[in-house]
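Before anything else, here is the set of structures, which you'll find just below.
You will see two complexes here that share subunit A, one where it goes with subunit B and one where it goes with subunit C.
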Partner chain A sequence: MPSSVELIQSLVNGVGIGLVYGLIAIGFCVIYNASGIVNFAQGVFVMLGGMFAYSFLVQIKLPLAVAAAISIALVAAIGVLVQILVIRPMWQRKAPMFAIILATLAVQLLIEQIIILTFGDQPRTYPEFTGGGPLKIGDIAIDYQLFWILSCGALMVGLLTLFFNKTRIGRALRACSQNREAAALLGIPVGGMLMLSFALSAALGAVAGILITPTQYTSYSVGGPFGVNGFIAAIIGGFGSAPAALAGGILLGVVQSAAIVLFGAGYKNVIALTVLLIVLLFFPRGLFGGLAKRA
Partner chain B sequence: MTLRVSISTRLGSYGTFAAISAVGIALLFALVFIQGGYLLTVMQLAMIYGVFCVGLNFFMGYTGQASFGQNAFAAIGGYGTAILCVQFGWEPVAALVASMAIASVASLVVGYPTLRLRGHYLAMATFALGLITYDLSVQWTSLTQGYMGYAGIPPLGIGRFVVEDERLKLVCLMAILLFSLWLSGRLRNSRFGRALRAISTSEAGAAALGIRISQYKLAAFVIAAVYASAAGSLFAHTVGFISPEVFGLQMVVVTFTMLYVGGVGTVLGPAIGAIIASLLPEIVRGAGRFQDIAYALALLVLLIYLPKGLSTLADLGKRRPAEQGGGN
Partner chain C sequence: MAGSEPMPALIEVDGLSASYGRVAALKPMHLRVEDGEFVTVLGPNGAGKTTLLRAISRLIASRGRIRFKGRDITALPTHHLAKLGIVMVQEGRGLFGEMTVYENLLLGAYGLGHDGEKIERRFEQVFQLFPKLRERASQVAASMSGGEQQMLAVGRALMAEPKLLMLDEPSLGLAPKVAEGILDTLGELNRKGLGILLVEQKAPLALKLARRVYVLSSGSVRAELPAHEIKSHYDLARFYFH
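Now for the complex of A and B:
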């Protein structure tokens, strides 16, 4: 039986990785709500965010804020490009939904291969945003980066909530998610909204990638696991609001970290996925969707 | 080939397309048989994946549900065969049938609670099943031998008649694929198949017509699982070696590609998709280190310009009124 220190330490680590899953999950939700498409290339945006940030920070030696801003803008542009070149033509030809999902998988393969050819296949990382650390509370160590992830996560959720509730464009996006045809009749450019949702969710993925890379590493292949975990988090959260997706991510991260301590690293996915199955069976519309309906 | 033609005449609108593709496929096989070597292996795997996709088509095509976890049942087939043959010295055919029985029970147990879910939630739950099976096949080393996998699985055969010649193997696999296609074609236009297709069009409408939705969905799921298990066993017998990677996430992506490139919901689509998607990497191999990029681009082009699969090529030459009576 692991000690309580180990358990609490794993909890802290779990919250950190879970917040990142949450940010990716929000990215899934933004596109899904605007279009019904599950973008499996979401994890690639995380990888691209880390990769670009590495290039600007370490190779070109730009200051952190500038490097992050340029990386996010670039990844958002790639998101728009994916929408224009792949999603829109399929959308217009009324392709079956799962064919579009398959196409996003092909996009992931394509981008990963381009990254291997341009950046190489070596894993890379850069230092944490604030040096020193980790913060010690008793025997528990907390990386300073965790506070960056926490505060940026809170900031993103706050901004998104404001965006979706207070701005005209945000409300238009929500209108699209409720009823695309009615939204179109009200004069909302639905196609443009779809493009915007890809830009937004790519940017969210990039933020997640820039935040998480210092605590581990990034390489061309990290997109897949991040995408899968982010999607699981979105399902647990119920594809509803940004805070629900974030909560789903934290829950998943904590369960995974606890599973590593209790059962060993090999079974972390088995445990996490079993939790997902249980959640799905008892709350078929996600943990928070189900709870909201009962309340 | 007579089997193929008899299917095509029954399907009417697919007649011309099926005839053209039958000729194309016949030429391809002639080339493969003369050439031999590596191409034989590629086509053997195409046939096995074809069996898998024909099964998946019952659930995803006819019934219109999503399963990202059929690799779990292929793993049951593969490991069932491997363990029964290597450790217990069973006859290959007996092991194949026993694995199919295990897979059908497993899919019943798993499908009963899972199939209450819809759309992306069902997709995710089945996806989780596939991933769990993969992790178990890696971690449960006392049963599966982990990454080591099982080697020395005997080839298919009955009694003293053993299929060891590579060309003969391909012929047997072809026969099995044609049989599964014939079964799929018969079932599609039976009372059972029409009920499945009604569910895919409108669950509420199908329920109003007295179709027991959950039972039919479960039946389609079990059929898909049995096909997948058979494909897993066939892989084990054909290649002689299995490891967790064989039934990993890659298998889900590859079979989805086959199903959508070929045409989901059509009878011949899955088999055509399996052949094309197996040959595609060989065709783009000339691109060297741009091979994967060429593959992804080719796949995207196919998906963008033929989003409903190659089988819709048939519609291009078809007259408009014929669509009313079309099979789809």
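Now for the complex of A and C:
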């Protein structure tokens, strides 16, 4: 049996990774709500965020804030590019949804290959944003990076909530998620909103990647697992609001970490999917019931 | 009068047709609404009324031409129409159900941009027409009664400052009294100069307001005539089943 210190330590770690899952989950929700598309390339944005940040920080030696800002902007631009080159042509030709979703999976593989060819296949990482950690509380160690993840995650959710509720564009995005035809009839450019949703979720993915990389590493292949876990978090949260997705992520992160301590790392995904099944059995629309409530 | 050119119609469709797969839901048809005119399209279930309005709104692909004030708008995408002044109230109302009444109305004014004062004025006008909406401003749209929802749908369309308002069976599912209230409001708006293209299945109320009527059946226009003629002479069923 693990000690209580080990358990608490795992919970702390779980909150950190869970917040990152939550950010990825919000990215899934933003695109899904605007279009009905599940973007399986979401994890790739996380990987790219980490990769670009590594290049700008370690190789070009830019200051953290600048490196992060450029990385986020670049990944957002890639998100827009994916929408313009892949999603929009299919969307306009009224391709069936599963074909579009499959295409996002292809985008993930394609981008991974491009990264192998340009950045190589080596794992990379960079130091935590604030050196000197971890913070010790008794026998429990808390990485300073966790505080960065917490505060950036809270900031993101706060900004997104403001954006979706208080701005004209944010409201228009929500309108698209509830009734695309009605939105278009009122003059809202639905296609432009879809592009914006890709930029937004790519940027969110990049933020997640930049935040999490110092606590582990990034490499061309981390996108897949991040994507899957973010997707699970989105389903647990109910594909509704940003706070719900974040809560779904934290729950998943904490359960995964506890599972590692209790049953060993090999059971991490079994436990994660078991949690998903249990949640869906009792709450078929996710914990916060957003899924399938839409028109 | 100076020019010999006749005033172009507010909206004019020319040889408009649409199909779903191989089913021709709308056969090539002509229809026009003059500036400030109230026109009703009557037809039974499946006549192609919704198809007609959706084709004009560019929500479905179609053949033929559509002109708005003489300008060919056939190639425009749906979201350009509101800015020109063409707004449709969809069958089933098309509200943003999880949003409040206030947010729905605000989205109606999306095309007005950031002009806060103008938007305020629109709110005032809509609230005067439908005082219920002011009381319910913070209520979630989906939780309102059918009649209130229809008021909201019309109110939201009015926020966009339309010159042509198209409505797809606004009386559907409403108690006669409530439907009458909404249609009376449409009449009031029309007297102030708003062009209206109303699609209905039930004749009496819609005919009271309209100046001209098109009778649609199986995707074709069976008759086009002044509204008062239908009231006095015609049995609509004759058009429907021929």
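Structural remarks
Assume the second predicted complex is superposed on the first by the 289 of 295 C-alpha atoms of A that agree within 3 Å, B and C clash if a C-alpha of one lies under 4 Å from a C-alpha of the other, contacts with A are read in each partner's own complex, and residues count from 1 in each chain.
Note that contacts are C-beta pairs under 8 Å (C-beta built on N, C-alpha and C of every residue); 3 or more make two chains touch, one makes a residue touch a chain.
From a predicted model like this one, the values you see are computed outputs, not experimental measurements.
Aligning the shared subunit A places subunit B and subunit C next to each other free of steric conflict. Once the two complexes are overlaid on the shared chain, A:A95 sits against subunit B while remaining clear of subunit C. In the superposed model, A:A65 lies in contact with neither subunit B nor subunit C. Rounded to the nearest 10, the superposed model shows the Cα centres of subunit B and subunit C diverging by 80 degrees about the centre of subunit A. By the document's definition of touching, of the two partners only subunit C reaches A:N179; subunit B does not. Put simply, more of the residues of subunit A are touched by B, taking subunit B and subunit C as the two choices. Residue contacts after overlaying the shared chain place A:L276 against subunit B, while subunit C stays out of touching range.
In the superposition on chain A, A:L105 makes contact with subunit B only, not with subunit C.
Looking at the shared chain after the overlay, A:R171 reaches subunit C, while subunit B stays out of its contact range. Legend: residue contacts after superposition of the two complexes on their common chain; A:L117 is shown touching subunit B, with no touch to subunit C. Our summary of the superposed model lists a minimum C-alpha distance of 6 Å between subunit B and subunit C.
Here subunit B touches subunit A in the complex through residues 60, 66, 113-114, 116-118, 120-121, 123-125, 128-129, 131-132, 135-136, 138-139, 249, 253, 256-257, 260, 264, 289-290, 292-293, 295-297, 299-300, 303-305, 307-308, going by the rule given at the top. Remark: subunit C residues 57, 59, 77-83, 87-88, 90, 94-99, 103, 106-108, 110-111, 114, 156, 160 touch subunit A in the complex. Those residues of subunit A that touch subunit B in the complex are listed here as 32, 38, 86, 89-90, 93-96, 98-100, 102-103, 105-107, 109-110, 113-114, 117, 224, 228, 231-232, 235, 239, 266-267, 269-270, 273-274, 276-277, 280-281, 284-286. Residues 168, 171-172, 174-175, 178-179, 181-191, 293, 295 of subunit A touch subunit C in their complex.
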